[in-house]
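So that you can tell them apart, the chains are marked A, B, C and D in the order they are listed, and the count of residues begins at 1 in each.
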Amino acid sequence: MAGSTFGTAFSITTWGESHGEGVGVVIDGCPAGLPLSEDDIQAFLNRRKPGQSSYTTPRKEDDTAVILSGIFEGKTTGTPISVAVYNKSQRSKDYSAIKDIYRPGHADFTFDQKYGFRDYRGGGRSSGRETIGRVAAGAVAAKLLKQFGIELCTYTESIHHIRINDAHFDADEIMRNPVYMPDKEAAKKAAALLEQKMGEKDSVGGVIRGIIRHVPAGLGEPVFDKLDALLAQAMFSVGAVKGFEIGDGFNAAFAFGSENNDAFTTDASGNIAKLTNHAGGILGGMSDGSDITYRVAVKPTPSIARPQSTVSTNKTPVTVEIHGRHDPIIVPRAVVVIESMAALTLADLLLRNTGARLDTLKKFYLPS
Amino acid sequence: MAGSTFGTAFSITTWGESHGEGVGVVIDGCPAGLPLSEDDIQAFLNRRKPGQSSYTTPRKEDDTAVILSGIFEGKTTGTPISVAVYNKSQRSKDYSAIKDIYRPGHADFTFDQKYGFRDYRGGGRSSGRETIGRVAAGAVAAKLLKQFGIELCTYTESIHHIRINDAHFDADEIMRNPVYMPDKEAAKKAAALLEQKMGEKDSVGGVIRGIIRHVPAGLGEPVFDKLDALLAQAMFSVGAVKGFEIGDGFNAAFAFGSENNDAFTTDASGNIAKLTNHAGGILGGMSDGSDITYRVAVKPTPSIARPQSTVSTNKTPVTVEIHGRHDPIIVPRAVVVIESMAALTLADLLLRNTGARLDTLKKFYLPS
Amino acid sequence: MAGSTFGTAFSITTWGESHGEGVGVVIDGCPAGLPLSEDDIQAFLNRRKPGQSSYTTPRKEDDTAVILSGIFEGKTTGTPISVAVYNKSQRSKDYSAIKDIYRPGHADFTFDQKYGFRDYRGGGRSSGRETIGRVAAGAVAAKLLKQFGIELCTYTESIHHIRINDAHFDADEIMRNPVYMPDKEAAKKAAALLEQKMGEKDSVGGVIRGIIRHVPAGLGEPVFDKLDALLAQAMFSVGAVKGFEIGDGFNAAFAFGSENNDAFTTDASGNIAKLTNHAGGILGGMSDGSDITYRVAVKPTPSIARPQSTVSTNKTPVTVEIHGRHDPIIVPRAVVVIESMAALTLADLLLRNTGARLDTLKKFYLPS
Amino acid sequence: MAGSTFGTAFSITTWGESHGEGVGVVIDGCPAGLPLSEDDIQAFLNRRKPGQSSYTTPRKEDDTAVILSGIFEGKTTGTPISVAVYNKSQRSKDYSAIKDIYRPGHADFTFDQKYGFRDYRGGGRSSGRETIGRVAAGAVAAKLLKQFGIELCTYTESIHHIRINDAHFDADEIMRNPVYMPDKEAAKKAAALLEQKMGEKDSVGGVIRGIIRHVPAGLGEPVFDKLDALLAQAMFSVGAVKGFEIGDGFNAAFAFGSENNDAFTTDASGNIAKLTNHAGGILGGMSDGSDITYRVAVKPTPSIARPQSTVSTNKTPVTVEIHGRHDPIIVPRAVVVIESMAALTLADLLLRNTGARLDTLKKFYLPS
C-alpha cells in the first residue's frame, strides 16, 4: 500500500523505473521564496551520474533534471515542485537471460511474490535509478537547510577493509577522487582493490559516514518520530543499506556509562555545549546542537559477472552470470543519495518543529 | 509536531510520563475477531516490569494493564483498543537536585530547548515508562501475528564484551535468567559484571538480537516503507538505541558480492528458499520468506551514581550524582520493547500488503 | 483500517464505546506552554451532557473529564494530552430486544457487514458518546485558538421548519435556552414542537450554524487540504450530519457571478477586506480574513419509540420499538461537537501554516 | 504544509500550475495487474477538455496524457503511476492587467497572504487545470472500481434554476449535450440561459449529482474516515464547491425520524436491503449496499468580463474587467472532476477495508 512518499511537512513522492519513460519526484511543502534552478538540482545529480570513472557503469545517461512546476521567477512558490529525468538510454536489450530467473541479492523474487509479476528490465522500481528522484529532492532540501546555516558533509569512510586515516582527513579531497574519500592515499588503495575485484568479476561493499553541522537544538519529535528514528528509516530505505549507527553506534554497546555520557559544559560564546559527542548530536531523539554524526553500511553490488547458483521462476536450478553495465561497488554513487536522505529528514523536522512552543508560535502570528 | 503515533494500518498512539497519572496506548486498526484479554497484555508487560532482579530498579510498580475499550465478549471489535497502566509509585520525591541541571546522556537539555521547559520529574515523556504503551500494543500485535504463524524470538546477545556462545544457544534459557540471554554461562558472567559495575556506580551497554520466523514473502512496501526501513525507525524510536543491523549488517560492508549474495534454491517441500541468509530475510525491502534477523545496539544507562560534570540551566558548571532507582543496564528490560516494536512493524505491513495485487483483492470482494 | 485519528499537526485519536469502561482522546501536537486544566475541558463537556432538559436523555452520567498526561504545573508540555471520561451509568440492561435486529437509521447492519459482529450495547463505537473525546479535545483547541484571538460562535439555526429570526439574533441567548438558539422566541416554538413530537414518539432534525471570527488570512493548504475541505470532513465525521455548506452554500449554485463575487475593498484600518462575504471567509481553500461561516444539516434521531419495520440478523422481518433514553433531537447537544470539530480543524491548520514562507521561517530560527 | 496528496492506500499527489510546463499526478498504491493504457486516461480527460462547445473556454489545449511509469506490458505493476499533461498553450500573454490586483472570487489575495507572492499567470496552482491530475487519477480509480462491479454516474442536475425533470431522466443523454444533463429539454433551456448570460458578461452556478452503484457494504472507516466524511473532503477540495449533501442532505434536517429512517427489508434475492434510501447509501460512515447518492453545489465562474470593484495589491481601489478565455459556467466540465474525486475516495476505502476482520484476513494469507 503506497509507500513512495517520505516526510510529513517537507514531503517527497518518487516515481519511475529503470527502463520506463523516466524517473522523478514531486516535492510538496517546500517553503515559498527559496531561489531554485535546475542547476541546483543538476549539481547533486552529477554526483551520482554513471560513467564518471572506470568504477561506475558506462551507461550513457545525461540524467538531466527538468523542473515542471513549483517555480516562478526563479523562486519556489510553495506549491509542488515536480522534477523529471527522462530515460534516454533504454537499450532494447534482450532480457530473456534474466526474465525467468531470480538473481541472488536482488528483489526479483520478492517483487514476484508481492505483485504476481515484475518489470524484469534492469530491476524496475528496485533499480538504483529510483534514487534519482531522491537526489533531486535532496538538492532542494539541502539548499533550504543552507538558508539556516545547516551543512551536510558525507563521504566514503571505508571500502572493504580500506578505511580512511582520520589523521589525513581532507574534506576538499572528497570531490577529487572517484570513490569520494577524504583521504587521497586511502582512495588510491581502494581504487586498486576495485580494479582487482572487477578483474575477478566480484564486487565490494563499504561504509558511508555523514556529519551534519550547525543544526539548531530541538529538531526531532519525541517518541516515534525521533530525529535518529527518521534518519534510520531514511537510510534503510536506500536499497543496499544493511546497517546504521548514530554517534558511537555499536561501540556504545561496549562502553560503560561513565565513558559514554557526554558532559555538558559551556563553550567560548557562553552557550551550552558538550565536551564529547558520543551521542552523535542527538539526545532523546532531538538535536542537541552538536554535530549529528552517523554511519551507513552498504553491501557489495549484487550483480556480479561470475557464475552463481540460483533457481528459475519455475523452480528449476540454474546458473546465472550477470553481464551488462554494473558498478563493482555501490558506495561512491550512494554518497549523495545518503546525503540527500539526511537533508530530506532534516528539512522535514525543521518545518515540523515550529509549533512546539506557544510563545514562539505567538510571535509568528502576533508579531509586534 | 505530533510524533506519538506509529503505523499506518495497525496504528498505535502512546501517551504518558513517568510521574503523571499513568501511561498508555490507543491501538487503532486491529482486525475484529482476535481473542484478547488483559492477561495477554500483562504477560508482555511482566517481561519489562521493574523490581524483578537486583539488576533492575526496585521501583514498586505493579504495572497492571487495564483495557478500556475495543473488546467485546473477549474479542477485538475492530475499534480502538485503549490500554492504560496507572502510575502507583509516584513518590513525592524531592527533585530539586536535578530540576535545574542538565543530566549527561539524558534529554533534559533538548526538551528545554524544544519546548521552553520540561517535566523534570524522572524524565517525563523521555522516561523508559513511555515504552509501557508500546509493550502493551506489542502484545496485541504479537498475538495477531501468531494467528498467521509468525513468531518472534528476541534476546540479549551481548552485555559489554560478554557475548553468548552460539554453540550453546538455548531458547528456553532466555526466560530463565534475569538478563534474558539464551546461554546460561554467558548470563552468569554478565550478572557478575553487572554486580561489579553497580559497585563502581557505573552502567553497561549491550546488544539485542531478534529473529522473526515464518513471515510470508512480500511484506514491506518498496522504496520508503521498506520492511527494513520501518524496522529501523521502530528500533531507533526506542530511547537508548544507537545502532541497527539487518542480516549481516556492518559485516556486509566488509564482504565481497560473491560472499554476500544468498543463492536461491528449492527446499524439501519444493518451495523456493535461500541457501544462506546474509540478507536477513529481506530483499528490496520485502520479506523473502527466510528468517528476518536483526541486531540492536543499546547504550549504557545514562543515570549513574558517580559524580559527573555538567551545567545547570543557567549555564553554571556543576557536579551531579544521580541517585535513585536506576538499572545498571537497559538491555534486559528493553528486550521485550524491541520485540514489541518488531511485532508492531510486522503487523502494520501485514495489513498494508493485502491490496498489492488485483487478483487476490478480487478474491476478497468477489469470492465467487 | 485505522480511522480514529484526525489532524496532522494538532492531532487527536479518540477511543471508547457507549457501554465499555469509558471514552477518551489523546491529543498530540498541542504546543507547550498553554495553561490548561480539567475545568477548561469540563466546561465544553457540560454543553453536551445528557440530562439537562426534558429534550435530552435522562442518562445519569457525570461525564467527568480526567487529564492523565501532558500537563505539568498547569501548562501543556508539548507531549500527548490524554483525557478519559469513565462510564458510570452502564446499566446492565437487557439488550436482547435489539441484539439480533437491525435498527433503521443506525449503523448496526454496516458494523456487522464490515466486522462480522458488533458490540450491540447502545450503539458501541457509533454511539454519540464517542463524541466526548472530540469535545474534550475541542476545548483544548478552542483555548489554543483564543490565544490568537480566534473565536468560535456556534448555535442552532433551525429545528425542523422553525428558524431563528436574524433580526432577533442575540448571542447571549444561545446558552440560556435548552436548544441553543440565539432567538428566545424561536427557542420557545422549537421547545413546543419537541414536546409534541416526543408525545408522538417521533424525532426532529435541524441545522447548526457556525461562525469563526478573527482567523488570520492564509490558513488552509491549497488543493486537498483546503480549509473548507478539512472542515467538511470534520463535520461529516459527526454521525448524524447529512449536509454542509460554506458561506452561501447551495444558494451560490443559484446565483450569478456578478452576485456571488465579493468585491475587495479596504476597511477603516486601511486593511484589505471584502464588501460582502458570500464566500464564507475562504478563497482558494485558504482563510481570507473575513468571518468563516458554515452550516451543518443534522438528521432527526434515528431511535424512535414508535413501531418500525425492519429485519433481524437472520433476515426475518420484524417490528421494533426502540425504548430507552434517547433525545428527540440531536441538534442542541451536537452544537458543541460541531464547534469542537471546527476548532480542531483550525488548530491543525494554524500549526501547519508556519512553514509556508522562507522569510517568516527564517525569523523563527534566526531571530537576529 | 504539504496538502497535495489525497488518499491513504490508493494515494495521489498532483502537481502543476496553469502556465508552467505542465500538470500531472503520481498515483501510488494501485494494485498490480490492472490493464491500463493512456486511452483509459484520455477518455476521462476529454470530458473536461476545453474548447468543446461555445460554453467552454476556447483555449486550445490537447490535454494529452502521457504515462511515465508504473505500467509494464499493458498492466499496472503496483509501483507509482506517473501521468503528465504538458501545457502547450502557454500564451505569452500580458498579465500586467491582473498582476497587481486582487480579482474578486479568486485566490489571488489568499495566495499572497500565505506565501508572500504568487504566480499571477492565470491562477497558478488554484487554476482549474490542477484538476487534470485528479481526472487522470480518477480514470485509473474508476477502472479499478469497475473490476468490482462498482459504477459511477455523475451529471449536471441543475444550472441556476433550470433543474432536470426526474421523469425525463435519460442516462444516455448525459454525454450527448454540452452541459452533461440527463434531460434533453433541460439541457436546451440551460444552453439558452448560458448564451444569454455570456452576452451579459455574467456567469452561472449549478448543482452536480452523483450516484455510485453496487458498492459492497462495509466500505468506510468509523469515526473520522467515514465514507461520507472523506467524500465531503474530496468534493470541497475542488475549487468552486460550496455545498455537499449525502442522500436527502439538508432536507433530512426538515424531516421527522419516522420519515427519514429507511426500513430494512429483504430483496428478491433474499439479501438485506432498504425500502427507501434517504440515507444515501451510508450508515455510520460505512456503505450499506444501497446506491450512494450525493449532491455538490458549484458557484458561478468568478471570472466575468463586466467591470468589478476591487483593490490593487497596494490597497488602491480599482475597477477590473476580466477578459480572456473563461467558461461562463464551471459545472459541466466539473462533472468528471467530481466523478474522479468520488472514484478516488472509493478506491482508497476499498483497499483500506481488507484488514477489518481476522477471518477474511486469514483467508488471504492462509488460503488452505
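Following the convention adopted for this analysis, a contact is a pair of C-beta atoms (placed from the backbone, for glycine too) under 8 Å apart; a residue touches a chain by one contact, two chains touch by 3 or more.
On a predicted model such as this, the values are computed, not experimentally measured, just so you know.
Asks: So which chain is farthest from chain A, going by the mean of the CA atoms in each chain?
Replies: The most distant chain relative to chain A turns out to be C.
Asks: I want to compare two interfaces, B-D and A-D. Which one has more contacting C-beta pairs?
Replies: Higher contact count goes to A-D.
Asks: What whole-Å value do you get for the distance between chain B and chain D if each is reduced to the mean of its CA atoms?
Replies: 44
Asks: Averaged over CA atoms, how far is the centre of chain C from the centre of chain D? Could you give it in whole Å?
Replies: 26
Asks: Approximately how many whole Å separate the CA-defined centres of chain A and chain D?
Replies: Going by mean C-alpha positions, chain A sits 38 Å from chain D.
Asks: For chain B, jot down the residues that touch at least 2 other chains.
Replies: Expected reply: 1-5, 8-10, 14, 29, 32-33, 78-79, 114-116, 125, 222, 351-352, 355-357, 359.
Asks: Which positions of chain C touch chain A when the two form their complex?
Replies: Touch list, chain C to chain A: 8-10, 29, 31-34, 76, 78-79, 144, 147-149, 216, 222, 350-352, 354-366.
Asks: Spell out the residues on chain A that touch chain D in their complex, using ranges where they run on.
Replies: 1-5, 7-11, 13-17, 20-24, 26, 28-29, 32-33, 66-72, 75, 77-82, 84, 114-119, 124-125, 351
Asks: So in the complex, which bits of chain C are touching chain D?
Replies: Its residues touching chain D are 1-6, 8-9, 14, 102, 104-107, 109-111, 113-116, 125-126, 130, 158, 160-161, 197, 202-207, 217-218, 220-226, 228-237, 239, 241-250, 252-266, 270, 272, 275, 279-280, 283-289, 297-304, 306, 308-311, 315, 317, 352-353, 355-357, 359.
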